[in-house]
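Common to both upcoming complexes is subunit A, partnered first by subunit B, then by subunit C.
Let's look at the complex of A and B:
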């Protein structure tokens, strides 16, 4: 089936890249999934990429010439279009090839049989709307604590749970735990929880841009997000999320309060000497905070950080990457780090925002 | 095994054409006729090689070896300077030993089957079946026979293997019903799905924990 349209290079690159992020990179059972499906109806081009777990569809306006459907190799076509000179791009399908022309360049690329592309249905369920900026900020605060280890699929998800006063997002990779409350956001029925792959939420965060609203549909097995001209459909993760509530210690006798940016900069500096999986130590006392990193046969780093501390003198060691992740996403200018001892989980939160907490396990040091 | 260390050039003509310019290399001629040309680097992959069967034609005067395969591939090695040329009788190879970690996990779990499941007790290690021994035969707290297959990495083929053992074990009226447990340090999602589909349980074990080594990276759960 022929197809012909003209489009601005940057618009097409953006659509191909966004849809292409759902395209499988692992060479699964369906070779056609290495491609993105382009469907032109009038002046509307729909670009779809999928690995069957995650589907991303982008709709853009083009100057349509001839309606049609084609599946093209995702990465190659994306790279080709990105490499063209700025301006308009002409795309036309002839038999088994797609011609991509932007003078003086001309590419002809073999297509993938479009009838092999699976039928993909969006998530069913009632549409609810979310404040895009607030939801994106919440995703950014929790997605890093989700695991990327496919061997434990439940931990690769972000738990969305109905709370009395709104929605709660929770993620954990067993070394740290992020909790973010969105007060007044009621998208789930009482007691309902769903486990959404963090990968899908990360893509959602990426495409939000300056949009005001996200439309969410929750089906039995799928969740669908729509923002601007982009739809993201993801399969939900089945299984029981760990009972995270019991992990958060109720009493933290030691409390450190410190400027967030100051601590972040200091940890980033000291981390340079925390090589070969060695931790950064936080020595807390009435004098404030001292960061220490020592890598045998390489060197050491010390930095004093102005902070107020209430508690007994204590040194706790943390994985510097995990500590930085928590400090980066904590809201507000000032954060508190609450500790029990050098082996129990520490609680990092904003000094004046109760809606976010980050629980972090220490690293045992001799 | 014949080992020749020499300055040589190598030309391959077959599925493609390739040329290795003059340099000092190790040429290995194995007893089965395989010929491999190695540089002084890399763990295993030769620069060029021809799988057996081959015909090796030596022309000592010209200093040229011509290795020809039945598929018509030709490897031509031209020697400029032979530094060493030795042959060694190596005898039959005993084959690859079972993975050390896997064997150690089996021993540790045989010593303490409760690390797999509460109440599990060992009947016998390497319990024989007609198609090979199952790693552990145990009884659970209710006295039901449990066949345990242990792998370092749990993949689909491990589940298939345990399925075959269970088929044979469940023919024994003294033993049946026998349920299966698939145990590994890490089990692939597909293997978990297949195991669940066949009513086989699976358990991931921590090798360090089994050895009593505490990781410095503490976990929340």
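Let's look at the complex of A and C:
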């Protein structure tokens, strides 16, 4: 089946690489999944990549010549188009090859039999619209705390749950836990929860751009997101998310309040001397906060940080990366760090925004 | 620099070719070349004809027409390399790998337990031969540089200990080419100026050498010629995992035999873990039957540990799930016997800085909560305080709670 269109290089590169991000990198069971599927109807080109768990579809406008469907090797074709000179690109399929021409370059690349590409249906369920900027900010606040360890699949997801009058996002890799409330966003019925792979949300955050709205559909097994010309469908994770509520201590005798940027800069500096997975220590007293990092045979760093502290003198050690992840995504100019002792989870919050919290387990030093 | 010669440089002899000769008796005592296009390795018998690594295959066959050329088996070499490093780690945690077939070992901290560095070097050589079936040459000296020179001089299949008072006598008669950084160009320059041995170089003036070779190279070579090399053995490229395995031959083993082997390995590696001041987060038990089918089971601990008690108990549990699983003793995997059993600790971290984890009140349908409880109980009351019912029924009699056993030591 032939297929023919002309398109701006940059538009095509963007579509190929966005869809290509869902393409499986490990040699999966279906070789056809190493490809992206291009479908041209009139002037509309639909580019689809999938690893069966995650499917990303991008629709772009092109100058259509002849309708058709083809599957092409994702990485190769994406690299080829990106390498071309700026300007328009002609794409035409004849027999088993796709020809990609942008004078004076001409490529002919073997295609993958299109009939082997699996049928991919989008998520079912009613469409709900969300504020794109707000939802992306919320994703960015929780996705880092999700686990990347496939041995614990449940923790690789972000929990979406109905909470009071809104939506709550929760993630944890068992070392830290992020909770973010979006009030007034009622997309789930009471008591309903879904577990969305953090990988899908990361891709969503990446493609939001300057769009205003995200359309969300929640099905039994899948969730679908649409933003601009991009739609992302992901299989939901099955299983029960840990009961995180009981983990958040209700009583924190010690409270540290500090300027967010100041603390972030200081931890980033001191971290340079926290090598070989040594922690950064936070010594808190009436005098404020002192950060300390010591790496044996390398050296040490100290920094006093202006802060107000209510509580007993306490030194707690944290993995600097985890600490920075939390400080970076906390909203507002001021944050509070609430602690019980040097072994219990610490709670990092925005001083004036109750809709975000970040629970962080310390490092036990001896 | 240490006062005692306690740095070892251990280097496998003609690594790939030796593995081929080990695995195929027909290749022994004959010239063997690994790799057809380019020579990846040559046995000593082939080296005698002038065949060298990285040589073009055609040239090698002209030099040694009766050589047996075999294709490389990288996976086998990698397995052998791992096994050799396991042996290194049995002697000292201070192992600095240089390549898959050579490493520096600092044994200064092991002499009380294992004897003099010379004794350790001899034991290391016989242990590598016994466990892996390969010859390894070892040089022992006060510096890394001299240890490496010594192991090269000791080849094949030998060892040289350079005691501090013998350093000059050993090093100075050697040709300058033994020094790191002396390639063909530098060598020609030096020889043009009458510098042929390390001793000649040591006797040359610093200014003279720097004028000849540039200030950096001049200083570097002069330092080496006087055996000044302050670099310590660096194990900072810390391992992400530690393990041990044992080949068991073809006979079908009983569960108790497997258990004894496995727990012995677990104890050994746990001790190594503590010596390196590390803790492990994940325990994996590996099992391979006589048909080379592999299987493994892993468990992540609630909190990283280096406790022999906890780690052997976890290994014991994992073995149970392995042998009672679909490949248990009644299955084909069980019937054809176990050719290899092994244990790996991964997700290693520092023992003095342990990232704590949140304790989830329950975790879905997984058994992690139970494991956490069992771990807690065992940590407090000993490994026999709780046991899986299946294990109690099948072991010989019920053990008394809390009674100390050899494993609790």
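By definition in this document, the second predicted complex is superposed on the first by the 366 of 366 C-alpha atoms of A that agree within 3 Å, B and C clash if a C-alpha of one lies under 4 Å from a C-alpha of the other, contacts with A are read in each partner's own complex, and residues count from 1 in each chain.
Simple rule for what comes next: contacts are C-beta pairs under 8 Å (C-beta built on N, C-alpha and C of every residue); 3 or more make two chains touch, one makes a residue touch a chain.
If you're wondering where the values come from, they're calculated on a predicted model, not measured in any experiment.
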item: Room on subunit A for both subunit B and subunit C (clash or fit); value: clash
item: Which superposed partner A:64 touches (first subunit B, second subunit C, both, neither); value: neither
item: Which of subunit B and subunit C A:49 touches, first, second, both or neither; value: neither
item: First (subunit B), second (subunit C), both or neither touched by A:150; value: first
item: Partner chain in contact with A:229 - subunit B first, subunit C second, else both or neither; value: neither
item: Which of subunit B and subunit C A:35 touches, first, second, both or neither; value: neither
item: Broader residue contact with subunit A after superposition on the shared chain, subunit B or subunit C; value: C
item: Partner chain in contact with A:197 - subunit B first, subunit C second, else both or neither; value: neither
item: First, second, both or neither for A:326, with subunit B first and subunit C second; value: neither
item: Clash-bearing segment of subunit C, relative to subunit B, as chosen among 219-227, 327-335 or 399-407; value: 327-335
item: Subunit A residues contacted in one complex by subunit B, in the other by subunit C; value: 151, 172, 174-177, 242, 247, 279, 319, 343, 345, 359, 361-365
item: Residue ranges of subunit B in contact with subunit A within the complex; value: 186-189, 204, 214-221
item: Subunit A-touching residues of subunit C, taken from the complex the two chains share; value: 236, 238, 298, 300, 349-365
item: Complex contacts: residues of subunit A adjacent to subunit B; value: 150-151, 153, 172, 174-177, 242, 247, 279, 319, 343, 345, 359, 361-365
item: Subunit C partner contacts - residues on subunit A that touch it in the complex; value: 151-152, 154, 172, 174-177, 239-244, 246-247, 276-279, 317, 319, 343, 345, 359, 361-366
